[in-house]
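Letters are used for the chains, namely A, B, C and D, taken in the order the chains are written, and counting of residues starts over at 1 for each.
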Amino acid sequence: MKDKKILTGKQIIVEVGDLKIGGDHPPVFIAGPCSVESREQIMATAKALKSIGVTILRGGVFKPRTSPYDFQGLEIEGLKYLREAGDSIGVPIVTELMDEKNLDIMLEYTDIIQVGSRNMYNYPLLKTLGSVDKPILLKRGMSATIKEWILAAEYLAAYGNTNIILCERGIRSFDNYTRNMLDLAAVPIMQKETGLPIIVDPSHGTGVKSLITPMSKASLACGADGLMVEVHPNPEEALSDGPQSFTFDEYKEFFNECKR
Amino acid sequence: MKDKKILTGKQIIVEVGDLKIGGDHPPVFIAGPCSVESREQIMATAKALKSIGVTILRGGVFKPRTSPYDFQGLEIEGLKYLREAGDSIGVPIVTELMDEKNLDIMLEYTDIIQVGSRNMYNYPLLKTLGSVDKPILLKRGMSATIKEWILAAEYLAAYGNTNIILCERGIRSFDNYTRNMLDLAAVPIMQKETGLPIIVDPSHGTGVKSLITPMSKASLACGADGLMVEVHPNPEEALSDGPQSFTFDEYKEFFNECKR
Amino acid sequence: MKDKKILTGKQIIVEVGDLKIGGDHPPVFIAGPCSVESREQIMATAKALKSIGVTILRGGVFKPRTSPYDFQGLEIEGLKYLREAGDSIGVPIVTELMDEKNLDIMLEYTDIIQVGSRNMYNYPLLKTLGSVDKPILLKRGMSATIKEWILAAEYLAAYGNTNIILCERGIRSFDNYTRNMLDLAAVPIMQKETGLPIIVDPSHGTGVKSLITPMSKASLACGADGLMVEVHPNPEEALSDGPQSFTFDEYKEFFNECKR
Amino acid sequence: MKDKKILTGKQIIVEVGDLKIGGDHPPVFIAGPCSVESREQIMATAKALKSIGVTILRGGVFKPRTSPYDFQGLEIEGLKYLREAGDSIGVPIVTELMDEKNLDIMLEYTDIIQVGSRNMYNYPLLKTLGSVDKPILLKRGMSATIKEWILAAEYLAAYGNTNIILCERGIRSFDNYTRNMLDLAAVPIMQKETGLPIIVDPSHGTGVKSLITPMSKASLACGADGLMVEVHPNPEEALSDGPQSFTFDEYKEFFNECKR
């Protein structure tokens, strides 16, 4: 691909504080609720995750929702709770930035900035994040081709930021048995094409709780540099993505299965 | 769909100055180059289109390109040329806004603001455009479901703007014979579901020049409120989308075929 | 495509008795129930269709059903009823052959042999039908590429039969708003690539009754050589495809709209 | 799914002579050329596979080819070579049946009958194979939904044969970076829904040689009961599927990686 000038395939290790992601470093476990819903919820989740094992705490505070009438996130308030929760257990945090207007507060509070599936083609946002001194978690667009995804990463790189963690999260298919179609071949492909670490999000990638553990094991087996899953103190009352969220006990079982 | 509170299906006629779009009003012909490349190019195109027949002049000035190394548009300079060209032939203009930072200059210069396929899920942008006093041309995302597209329009409406022209531009499919798969059933579906006018872009919808006229006739036959096509003084030298752009002579033939 | 040796694009007019299909001949209207369910049902349908306007009578007698426990068709008994019904109104009949074992009886009773979507890749069947002296209605496979469909027709031609009517019936997509995604660009593409006539089946192509008429008008506008729709005396009691079947009154409205 | 009356999810172990497939039995390795091309080719391949490790020998003798002008297989001659090769190394053989007319000779010579992707919807064939006393390898149709695939297996079961090995071989997607999109979530889904063993074919599932080993490891990690790969003495001269075929040395490396 003539368009790859920076991400030529040479291995890149992403650093988040002391944490190293990619190459021969152990896979990272990113976990937390789809949305930060309250201080209590995220603090309790963080504590439970810490006791089991977690590398990075996730939680949505600005939420891209298909309907304008759905819960849109706690926004800055939620961001502060997430920071506090991450600090309380001593792990870095990651959350999604949807709007450049919130970049400054993001830079102040978060360790990794997530670009969600709906923004993979948002080139102005990618250009801006190219000049930022934070790692970027770049999710694949919901029907992005491998080539488009590579070039979205190249946008970040072209504007100066190669601290990129890719995230496969399932693509659109003709079948609605699962929420999305997890494309695990993307793991070795993207590693080879870009040299970047890549993690897998089997929660969105399947939308079916019982598939998360087998798909996570498959992800690690084909070389994924980490996993990102949704965990909630009480999935049935979650404001978003409840059905695909683990309880703490389910996360424990998942974590132990994957660690083996 | 419980999420439709404003766009319930009641017919909405969009007004652009004296021009009315939707319902029983005659279909609009939106034409112009993929990108404004120079003052000469857009002025010459406008003049030629005027002599044949055109309702609205289009031209990209901020261009969402898959590669960061491709031509990204003339930006504000191009916007001013497009305005001048539209004025010179007395028709309104439409161009794409990718980044809220350019909203003020857009509001000053353009008549209709286009939200491109890559931004259909850009909810912060939609919220902002919901509070703007200009018609919005909302293209379908490249793999957006009907429901997601309806709700993207509902975002604009929920934030105050119901002057929305929908645009079907083809979706992703498994076949690469055409660039995209034109989904004409979306025309009657979206009209019924939202009440909004909908136009079809067969240039992007097929990517094959010889298919533009038959697909345009099909679009009008199933009720489309307009068409948007790409026209360039010299398609072979176009900086983007040359192969699917009409020459002036080809546009004349197309226009006459469609008018019948 | 180097594989096209016979269907090179030169126009082919298919003859069914005195009826000519393709080129400048008027579009054919193929109508009838999804399944022949009884002698009474098909005779009544034929009579009603005749009074409105119909070129060819359709009716399934061997039914490819997704579940082994669904109604599988009246088989040979149904075939005889369909023949009787066609004769009673003086129009040719078409029905699907699924299994070569029924070829002889098919040759005896039907005028056109349909190859259904599920059999487009059934190359032994295509080879056999290549040596048969009857026109073949070749439906597109549910996710067949343009190239695969062309070559399925080429199988028939290579084995000796170029009396082929193609039928676009919608393809698989990521959206389930409609049953299938009608790909009307296939109409001019297939005509140009193969020279064969092509009809459109908007009943299966959308699965939504209110979309059949607009999509039929669109089909004719882009050059389709005919339409095939499902009609049933009482759609609510149909053994298959009821929701997309017209009543006699609905067919009348459809027919008059399309004739304009 | 109300249509599942026999394959309710209760575990089924498939037996091929002494070999047991499914449940806790070790994964099977099915390997061999896409097509049997000559006695020498299949005998040499069998010998090489035996020296490395192989559970079942595969080889196509009736080949479903997209073009009528491509090599269609050695047919019965090839079947006899495959039998001889399997016997020479003492492992069972599997090959595809496309046409019921060849059933008797198949029953005489092969141990497992493969239903290819193009025939998953061939219900007359499935009904016939339902009454046969041989295990069936049922590949997923190229755009078959999970539900359709389950019901294709149910066709076999409903007509009397529950000795079914499912095979995921990749589905159609919008991206052409890989030949197909391997859907590994289908592995745990199909096991749970049907109780049947399921193997994965990463050769067709990706079409890219370097992806076969990582995808095989992923398949085993999420519970696949076996793998099927293409091996050829000289892939560059293969009459079909050369680019995705392993050399003997490549197979050795693959086998050792997977065994770990």
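Observations, loosely collected:
In the analysis below, a contact is a pair of C-beta atoms (placed from the backbone, for glycine too) under 8 Å apart; a residue touches a chain by one contact, two chains touch by 3 or more.
Given the structure is predicted, the values throughout are model-derived calculations rather than measurements.
Averaging Cα atoms per chain gives one point for each, and the point farthest from that of chain C is the centre of A.
Here the spacing of chain A and chain B, counted between their Cα centres, is 33 Å.
Work out the mean CA point of chain B and of chain C, and you get 36 Å between them. Note: centroid distance chain B to chain D, computed from Cα atoms, is 48 Å. Across the assembly, chain B contributes residues 143, 147, 172-174 that each touch 2 or more other chains. Contacts between chains leave no pair untouched here, as each chain touches all the others.
Chain D makes touch with chain C in their complex at residues 3, 5, 64-70, 98-101, 118-119, 121-124, 127, 142-143, 147-148, 151, 154-155, 158-159, 172.
The touching residues of chain D, counted against chain A in their complex, run 143, 145-147, 171-175, 177-178, 181-185, 187-189, 192, 205-206, 208, 210-211, 214-215, 217-223. Chain contact summary for the complex, chain B toward chain D: residues 143, 172-174, 176.
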